[in-house]
């Protein structure tokens, strides 16, 4: 069976949904951030697929930007997490209930 | 429409007392008592004098043109609705004007003495003057609305004067009752006016005021289809003002006011306004036999009904009050059978003798240190000679003893009733006449005969009243004697001047000839028989009353024992009518307003359920919705995915 | 060859992703994530994006994940106390339905329309560092500049949050 | 002067606003604030006199028009004008203005500056509402009015002032937001917000019904028409005296004014469909308000419910669709403004002395306060519609107009029911009076009450004078509104009023039930 | 492929100028903070203000003309200038408020100023974006900086939590957004808006990609503007962030979000209105209803304003819905498309400005009342008697709230007027009715604050203390709220002309 564009896309979708589900089920804030990375990776694959499909390099540029943003986000997220941990000794997001109705 | 002579004096007849009232009212304490009293008397006297002047001028006119008008200004002029501030005097209002100002003047003078020591002396005269003003507006009003203005004005003054001694709760309640009951009547009056207005307005020529009496009379045929309704509605107004069944209840209570007030307002003048109004609207009533019949029936019923109640009252003024109600019934009866002139005649004579009776009773009360219960009076004959004699004259007059004033008017009413074929009404009227004589004599007996039953202290203070009080008594007594002579009927060889004088006013009615009086039997013999019978019947009543209440005869004792039982209690309690009204309307109405309307609908249903309830519902929904905001990041993320999934699903199925 | 590599890398990626989610230990999760990223680099390579593939390994699987691991170890150790409990079974459907629904949709779509192949021929050097660099410094120059700002923001932020409070010069 | 007279409406409207701004910014001391506010209000009254004496539109048309493009390059304008109807209501407003300020002289001791500024602000908004001839402008004034009133009730009010203030605000908003949508819809139909553009629209019946509903809801709440009235007692009871006076005197008239100016002429079909309902609600309001007033233990609440009853008359008059009824309604607005305004002032007088409004706390006041009792009596009598005082003429015309209405289903029955309000009015008023003033002075706390002061007389006497004046010379108002009423009602195509000659047979043939009641002018009748 | 094409010509530089000023200003401020040792208090804020002012001056002075520039990345012209002014204005206000709080707070956040400038830069790029990549980068620059602004208050648990929640959810949602962009890219084969529009016009490409992609992008933008059901971060984050940041987020971030939402909606409208219109309608109704309802029961003024900002997002969404409506209506209505679209879009712009003014005024007052401990003045009950202690602050807040409630004569009313007028013009009367009912509900909670300030007496724990400059600024905003409520026409006309110059 030939590998088509659809195969790649389905793969990306699986990865994306896995990340999405993981984000919802995991309580560990760090793992949640990792799940976001997973989703971004899936997105990157889609960009790559379409860059290939349209023979357009723009997709690759997009992916690179994505790397940077993902890194930045992770950095900031982890920094805040460290700050939270310093005060509260937890990274369980379910414990973050200072702000609620 | 015939042209009317202009007469600018009319306005001064009306305005003079208003001026007096205004000056006294505004200056109040700054005005010395004497000046205030004199000013009040002077303005009314001026009114009377002017009335006389105008009356004399009128005499000089051709009977057909005896209608003087004085239009001051336009009051309401909107579209083709025109109501003028204006006065008119014709024969009818001339009579009324003379009576009102005349009797009013006497009572003013009387009050100088009666109220001499009262704190509210000035206020009293201001009110009294205001009353005369209102009454004159009523009487001289050029149109029905002006009449209504006066009508309301006298109602107001009545209210003010009944509750004059507002210290007493009862006085205040009585005043309010009078006003409110009158308002119920006004309700009918207003609707009657509207019906007239609505009927006439589309058909008027420019400049015609729909409510002007002349215009209404002119357009009477237009009113014919609705005359019955108008007549009944206006009559409702009259039952309020003239204390007829079912709205008579206020008048006895109104005796709470100072006695001159009772005399002037609740006997001589104001209460006859209803009769005057109906007489004034005669051109309409003659178009509607139904309304006439109702007027007559109610009048007769009131006459006998009030007469019976008067039998069992112990308050001297209450007896007179019920007597007044009864007499007003006579007047209504007269109007109802088409004898408007006789009604007015009785208004006049009644004004004399009833004012006399009230003032004399006031003199008694004055003497008895404001005691009104007859059971503690007695034997005043000697101590109050002037009062006694004048009172006796009044009693004889009201009992219809020949040749006093009451005889002529009452006898004529009964005759007209008979001659119009209303035998039943005649019987009722006849019985009521006897009752009148009886209870009046009961009053006289209890008050003036026997021995005084008052306490030592009170007895010590008994003295004849000052001249300011006795002089008016004497004048009124004279009038009670001679007042009827202007209307000595033809069968007695008199000129029936009074009737003729009024003829032009009621000519429209007679001409229309749609009611019973038209086929009246002119049977002189019968007239004599009936006159004799009624005199005899009156004398019998007087005698009976005298015997029962002064002579300790066995028969009298038996009668008293019999009457002292249940029937007596019923009468003493006025047939429990007040209680019935209270139970049927006032209490349920109050309870309805309070529990159902206010607490139930207003606070409960609208405010509680709908307004605050919906606010609460929103708050509850909001409180539930906020629970979703639980602070859980994962839940937030989940809701995002769900929202998105729904969106995507929607797209895939609709696309 | 391409087919094999696709299935191999694809399977590895999916496995890596699933294990990342399923593993209770954060450290193990992170390692599986690295595994998935490396597999992703293979996919990029298959998709004619060699430069991206290399960066994926270097930057992503390397640098970023090291950061993650470092933080995990620094903060609390591998397993989070709160995650010893499993999620309540009653909630599984709620979590599972949205992704499953999407999958079903995708499946239906493929069943209806079949698959789509790559048709556009690729120019030579597509995805090479030169190619990407030309774009980056040419058409996408602005983006390139902007990303520097974004990274700067991240640096400032991380610094600001992480470091001790500064003494105020005027106090 | 011409720079004033050329823009007289702007001056009249915005002078109080200017005053309130100055109060907030320049004036510092409380006693200065009082004097300043009074001066501004008086000046405004003087300015408005210019309108009164110069207004002479023979056709009842707008005068003193000012029109400046505002939004969308002139589709929406700053458009003020004044016709007879606006004129009389404006005069009422400017007349009451100085009086309420004077009435608050001593009653308000906290935040005097703010209070005076709010009163002036409110006056400006009310005047603007009466002058506006552009729907959006009208709406802006209409809503802006809420703000000062809200603060007046909420800050200077009684115990439950907050509840009352919020209730007032929300209730009023409920109606007006739907009106806004209706206005917007019509704006796109008409291509502009001008009232005359709206009037020129020829809308479908269905649309008219919806629009009328939206408009009438806003106005009915403001009036208030039963069953939308429950905000009123609360607002009145809690508001400070001046607030109550303005509320009763002018604010409620906005509702009836709105009906007359907008809802009725704009939607003839809506009026046709809703007039029966509105008249029935009006009659219910008359009776219901009176009955509930009867059982109130609180004087202010009693007066508040009496307003419900009185305004019921106004609404009835308007929806009788007869010029007589409408003019009566306008007259009644004025009369009610005077008498109920005065009643609230009087309640304020006693409240200032005793800090209670429970009727049961009083009794025998006439002994200590004869002057007060007298003024109260006159006011009460004006309120119950005693002829010779202002209340009568309006009621009479309304009832007469309704009685002869050709558009309502059972005009006579309605009139009869409404007329019971006259009786009930006497009952609750007199009973209250009796309980307050008559009887012995039993409550020790009332022993040392002072009678009216000179200032209080100065506040009340002008009102009393006008109660008499309007009662005796209603023409001064009726003459000014007559032609304007004709103009406003013209779109309703009230059955033309034929001259008697056209229907001689009919009139004599019995049954005048559908004979038109009203003849307009001789000339027009034959047209 | 091999030619090396630098997109920078002379015009491009003039287009770039404001961005350079802001970005360079950010760098400058950062460097000054790092290296100038003699820094005095407030110096950074003065510098920041100068940067903002400079960006405004530059834009007034230099008009590069209309159209996409810089390789199609950015759109030059009135549209971007409009938003640049707006962002710079909000930035100035935020700087003033933030500086004010430092005075008493004792906490110094020098990183705040460069971050603020970079955020604004991100927003400017986002609003002017003409390329998906620019959208993404602008959005992320803005977001990353905002995460730090919100969560970067050291030692403040609530702030950190807010920052983290915002960050994870923001990351989560931007993953979706990015996926959407990827799909759109897959559809069009290019990231440039013009190119996408061309493809859309010819109808090439797989429709499912653009459909699904647009849905995901809508979600991404919806998250930023707090559209229900993607709103849930809003109350928590607004609550936890310091008031001056919340004010900034509630205004600038929302404005930026709507800027791009409008652009994308206009871009995709021809093909996708059918999909967006019904869904957005439901979302808009849900957004305003939920926002208003939950705001009713708040005791925390920041949360209340957060929910109110959700509600206002709902009103704004109504504008977007209206914009889309002609494309799905019956052909007869198509004729109206141009005018309806214009009214709706200009109404949204006007609303954004009005909303920013009044919300900034409100947050400005909340901010200045905040206590020394770094704790915000967020308990509504502790505003009791404010009108006596701080009449100007109270009046400002009252004006802001009344305006938010849509009471004339304030700009909030005029904004709603323009908006609902557009809605009604498009024939969507039921939506307008829902809108006004909502604004009715909202009145209650806005009034509540006024009640507390004006009608309750001061208690021991009531907030006090103001800072002159901030209050004056907020007061000036309130004055502007009033002015624009009375004379909105010129401004609205400007907004309309901005819309007319848009390429789509």
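Here the chain labels run A, B, C, D and E in written order, and each chain numbers its own residues starting at 1.
Following the convention adopted for this analysis, a residue touches a chain if its C-beta (ideal position, glycine included) is under 8 Å from a C-beta of that chain, and two chains touch if they have at least 3 such contacts.
Since the model is a prediction, treat every value here as computed from it, not as a measurement.
Chains that touch both chain B and chain C: A, E. Common neighbours of chain D and chain E under the contact definition above: B. Steps from chain A to chain D, minimised over paths through touching chains, total 2. Compared on C-beta pairs in contact, B-E and B-D come out with B-D as the pair having more. A comparison of C-alpha centroids places D closest to the centre of the full protein. Centroids of chain A and chain E (each the mean of its C-alpha atoms) stand 26 Å apart. A straight line joining the Cα centres of chain C and chain E is 30 Å long. Centre-to-centre separation between chain A and chain C, using Cα means, comes to 5 Å.
Distance between chain centres (mean CA atoms), chain C to chain D: 71 Å. In chain E, the residues touching two or more other chains are 133, 137, 140, 144, 147-148, 151-152, 154-155, 165, 168, 172, 176, 235-236, 294, 444. Shared interface positions of chain C, i.e. residues touching 2 or more other chains, are given as 95, 98-99, 102, 116, 123, 131, 134, 139-140, 143, 147, 150, 153-154, 157, 161.
Contact between chains, per the stated criterion, is found for A-B, A-C, A-E, B-C, B-D, B-E, C-E, D-E. On the chain B side of its complex with chain E, the touching residues are 615, 618-619, 621-623, 625-626, 628-629, 631, 633, 635-637, 639-640, 642-644, 647-648, 650-651, 654-655. Remark: chain D residues 69-73, 111, 136, 139-141, 143-144, 146-147, 150-151, 154-155, 161-162, 165-166, 169-170, 173-174, 177-178, 180-181, 184-185, 187-188 touch chain E in the complex.
Considering their complex, residues 167, 171, 227, 230, 233, 288, 291-292, 294-296, 323-324, 327, 364, 366-367, 381, 386-388, 392-393, 396-397, 399-400, 403-404, 412, 415-416, 419-420, 422-423, 426-427, 430-431, 433-434, 437-440, 472-475, 478-479, 482, 497-500, 503, 507-512, 515-522 of chain D touch chain B. Residue ranges on chain E touching chain A, taken from their complex, read 132-133, 136-137, 140, 144, 147-148, 151-152, 154-155, 157-158, 160-165, 167-168, 171-172, 174-176, 178-179, 181-183, 185-186, 189-191, 235-237, 239-240, 294, 303. Residues 638, 641-642, 644-645, 648-649, 652 of chain B are the ones touching chain C in the complex.
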